[in-house]
Amino acid sequence: MSDTSCRIAVLGASGYTGAELVRLIATHPALEIVALSADRKAGQEMGAVFPHLRHLDLPTLQRIEELDLSGVDLVFCALPHATSQSVISALPSDLKVVDLSADFRLRNLAAYETWYGKPHSAPDLQKEAVYGLTEFYRAEIRAARLVACTGCNAATGQFALRPLIEAEVIDLDEIIIDLKAAVSGAGRSLKENLLHAELSEGYHPYAAGGTHRHLGEFDQEFSAIAGREIRVQFTPHLIPANRGILATVYVRGDGAQIHTTLAQAYAEEPFLQVLPMGELPSTRHVRGSNFCHIGVVGDRIAGRAVVVAALDNLTKGSSGQALQNANLMLGMEETMGLVLAPVFP
Amino acid sequence: MSDTSCRIAVLGASGYTGAELVRLIATHPALEIVALSADRKAGQEMGAVFPHLRHLDLPTLQRIEELDLSGVDLVFCALPHATSQSVISALPSDLKVVDLSADFRLRNLAAYETWYGKPHSAPDLQKEAVYGLTEFYRAEIRAARLVACTGCNAATGQFALRPLIEAEVIDLDEIIIDLKAAVSGAGRSLKENLLHAELSEGYHPYAAGGTHRHLGEFDQEFSAIAGREIRVQFTPHLIPANRGILATVYVRGDGAQIHTTLAQAYAEEPFLQVLPMGELPSTRHVRGSNFCHIGVVGDRIAGRAVVVAALDNLTKGSSGQALQNANLMLGMEETMGLVLAPVFP
Amino acid sequence: MSDTSCRIAVLGASGYTGAELVRLIATHPALEIVALSADRKAGQEMGAVFPHLRHLDLPTLQRIEELDLSGVDLVFCALPHATSQSVISALPSDLKVVDLSADFRLRNLAAYETWYGKPHSAPDLQKEAVYGLTEFYRAEIRAARLVACTGCNAATGQFALRPLIEAEVIDLDEIIIDLKAAVSGAGRSLKENLLHAELSEGYHPYAAGGTHRHLGEFDQEFSAIAGREIRVQFTPHLIPANRGILATVYVRGDGAQIHTTLAQAYAEEPFLQVLPMGELPSTRHVRGSNFCHIGVVGDRIAGRAVVVAALDNLTKGSSGQALQNANLMLGMEETMGLVLAPVFP
Amino acid sequence: MSDTSCRIAVLGASGYTGAELVRLIATHPALEIVALSADRKAGQEMGAVFPHLRHLDLPTLQRIEELDLSGVDLVFCALPHATSQSVISALPSDLKVVDLSADFRLRNLAAYETWYGKPHSAPDLQKEAVYGLTEFYRAEIRAARLVACTGCNAATGQFALRPLIEAEVIDLDEIIIDLKAAVSGAGRSLKENLLHAELSEGYHPYAAGGTHRHLGEFDQEFSAIAGREIRVQFTPHLIPANRGILATVYVRGDGAQIHTTLAQAYAEEPFLQVLPMGELPSTRHVRGSNFCHIGVVGDRIAGRAVVVAALDNLTKGSSGQALQNANLMLGMEETMGLVLAPVFP
């Protein structure tokens, strides 16, 4: 590492998003990991918890309160929501923080309470937080101290829809997002429905009927763009795969106009790739990468179209997005360390 | 086998639906397989082509023209479409036939030509054919000589929707079917996108925009029920699993009324199971069986609901359905040989 | 169910082997389930715990102590080891019991303590127990009150090796069993390494170096056949699949003689299928069934051969084997309810 | 790309190893792809054949004879064997070539004919070729014009065994390699047994009994080290996963000594990681990377041990290895572009 590297700490390094951060930073040319926390696995080496990282020279996992954060330039916080609030509140108030949890995504505290079931415990921090969907909040993120990364499902849906809502080329009251998510999005937690024997060779909807918490993000962001309340219909499904989110978005509008709108909006974006009209993406083609592929197809029913967006939930959907934000916050090139090609097959 | 067994031939026994027919008939108490055809594998034993069937005492695979069909009571035709037309035309005209191909599903010959790209070569047979969605055509199937089994995707969508269209409890112009299909539905054909290395850990839409041929069945059936032209929006997706179809159907209507309508319509159906309101099915719970699980959930947006239907594409979606029809055509109990419990995990 | 059905209870019905017992008994013509236990899920319906069984009319899950076992003819005990000992000790001493746990497999109590780490708590019951590898203990099982089913790995290895040891056609000191096991053999327990995200797209050895408990069974059985102490080398691997065990057994001997020995030994066995010389089995061809496929191939190194056995760990490896034993204990046809064809693909 | 980049051509870019080369070179700091060939897909863009590479600015696929190789510094040849011989024979004789096929691996032309079934057509080139197992042929590779990369299975077995044979710490006549290989090793070819529906949820041995062609490499290399003929027993298995090879190697010797020998031999190797004694590797921890993890465990039978090696067949097993060799041939740092962390989960 050069002397000009920025010094990084990762809180919650024993989860999948924590490990993905470490994987990406490992080949980032200007970041150096100097502290890793994992409460239940404190004292262990990262290479024992995640043997795929055993070739790296990494600090031993510590409890958060044991970390020495002096000289740290930026902290990634990959902790469960609710925990994040209290942990970040206790950090030095001038330390840059990229939070991967849901804690600071919703600007409206009442909305937070509605979706997460209890009052926010750090309302002042919430006011300070910038929503971390990089492509749409660049200026704010560059200036931010605390960035709240977008949820993986919420990011996928927004990449498909934001320019269309902005340009008003679709009917804002007729948006349906049918989303297919791989299992790593649920984390490394021990739940029966995440077992291989349960999930492999099976797939099913969950949190249906408008109950998934990422709807809070859709509501906030789409309404802000439209200048009025927008409510989408959203059904996530769990798919027997490890990585990937594919959102099939049903909209009303002209397919060609929709495609043009997206293609123009993302023409200069390094990670958002709009496929030729009529081509649709697959999760396999973005696996392990920070790319999002977006396709548009019209329908035999006039005035209807489908927009499909695919990304890797652990990369562009969380840890890659987080690193993209950190690059901006640290004054680096936005794409630094993130241009890894997808891994296929 | 008892002396009262019916004698069965399976044409096209070297494909997945052919093998599934043999699997099911193997434990059917009143059917006996006396002839099997497979042109490219003629001369081989079924147990060589499908080693999972090697314990069975089965006739050697023959070319269709070599088969001795004298004394055969019923033929299952599991051939590719287009081939079926010519093969069935050449069969004795009093032989009962259950066709698993798409050739005789569309009553309107112009619709057939539109969806399949060439004129129908056996229009007289088409007139005779009965559409094989058992639960809705029982009387006709009992009396039929030629039954055209429903396509697997088309069956799944119809189980979710027919009673709702019939009862007019949903908006008939606002139906979206987002379908997730396992790979065995594509058959045992050698295509790059069916390779394990391509499909595993990836999923994607295909035949989007209203181009999938099963739309011809939706159009025909839903329009017939409604008494006017109905056009649904339909996007199938290929999922990394071997068996299963899950249709997530977006409708406008009252969730509770929709649930009640389905529950009442299927109250006496042995294979169509409506889950309690708010519970949604998974493909893993119907695998290898003839059951279809159906769930309903309302949405946070008033007047919207989601109906989800799951079945095994090779069983209830094709070969199980075919056997169910054959039971009726042969004057047997409809469920005979079909009450096998799903295989989970 | 006919009046002549035998009445069955399943203890530990909320695990995979319990569910598999219920699946198999569901189409068994002469067994009726009258009681189901599951301590942590007592009060729930089986169809809620295992929705693939929701079409069955089953008793509600109860705590073991709540069960009414009067009139029960046979109990399947699908509990964790150690628990089985105490539960079976408390059952009426004339009740027939098929135990699927490891508790009563080892006749030598010292060996039990060595492999399971604590003294056996029911030594008298152990004396009474018959080892449940059906094909080799038929007479004893028919007369038994308590049968201890063989472990799934142990069964697979024994099917490959017992006739060869008996006939002394292989070198008894040079046996290596490299075994590949699907994940359902580890049960429905919440362990990190059983998560889909951990296991899918990965495979690895476990319990290597002679530490796997099923070695106790190999030691006992092979030594008994040989009349002297036999110790095999055994390395199990966890494979990203739900069902299946494949044992690749490296032996010294003449390939043709080995094949002949196995083919003759199993010529009349309904479930043990010896493939033609040189053909090797796959787990996919026995999935969901009670069959075991066995193949033999010689090696380019003279005097060496490989025997490969494949079965479904939940069926022939546990619940199917258990039912096969129960059929014998109840005076029924051994194959009753067990001739279901494998489910492929 | 800097002006000091080396200019690279990839022949056979439409297969998996070709695509993997492009993926790796995409982030290599000193290589630039200037030509890509693919006969059957000539005229197409690489991003159409492999959409995961669509973000890259790559030359259009051409037929080999259309390629302009002037100014090219090195060619990767990822063609099928037999084809490679004739293609490489026609290349300018001063052009550096890294061949990923089997054509130039066997120094003995009679051995080539034995394993590949026909005489070698370029015996002079064969004499010139250097065997490309980087860690053991570094000096020769640095000086070579033509390097023949090691087969993926052969590499895995050799990493586990070479230092042990060299140090004579194991019995050279008692080596068994039980290998588990993911499906991408079979390439993108259209074969029935590579279909998802065939392979998923199934696993099985293939090319058993000493018939797999990679045995030619084991024979050549192990015999050369030992100074006498060595013949190992080798059984590969196809596993339902996309990437990965895991070799379970049964040896006679002292476990601790074996571990020490490997640990010392690989102490300075950047990509060969010997795990602590008793720990065994998993394919999931090397996926997408150039690392090979190696573990050793003793056995309860004295004098026996198991060595387990895991690598990614497409990376360290072929394209990563090829790039490692190219780095040496071009005078670059051996690890350049290859230190990507594995992708897990």
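Letters are used for the chains, namely A, B, C and D, taken in the order the chains are written, and counting of residues starts over at 1 for each.
Just so we're on the same page, contacts are C-beta pairs under 8 Å (C-beta built on N, C-alpha and C of every residue); 3 or more make two chains touch, one makes a residue touch a chain.
Remember, it's a predicted structure, so these values are computed and weren't measured experimentally.
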| item | value |
| --- | --- |
| Magnitude of the superposing rotation for subunit C and subunit D (Cα, nearest 5°) | 180 |
| Mean-CA-position distance for subunit B and subunit A (Å) | 39 |
| Subunit B and subunit D, separation of their C-alpha mean positions in angstrom | 45 |
| Computed distance of Cα centres, subunit C from subunit B, in Å | 35 |
| Residue numbers of subunit D (touch at least two other chains) | 16, 184, 197-201, 240-243, 281-282, 284-285, 287, 344-345 |
| Arrangement of touching chains [line / ring / star / complete / other] | complete |
| Residue ranges of subunit D in contact with subunit C within the complex | 176, 178, 180, 182, 197-206, 208-211, 215, 231, 233, 235, 237, 239-244, 246, 248, 250, 255, 278, 280-285, 287, 297-301, 304, 306, 308, 310, 344-345 |
| Partner subunit D, residues of subunit B touching it in the complex | 16, 183-184, 188, 190-192, 194-201, 240-242 |
| Residues of subunit C touching subunit B in the complex | 16, 19, 22-23, 26-27, 50-56, 184, 200-201, 242-243, 273, 275, 281-282, 284-289, 291, 293, 314, 339-345 |
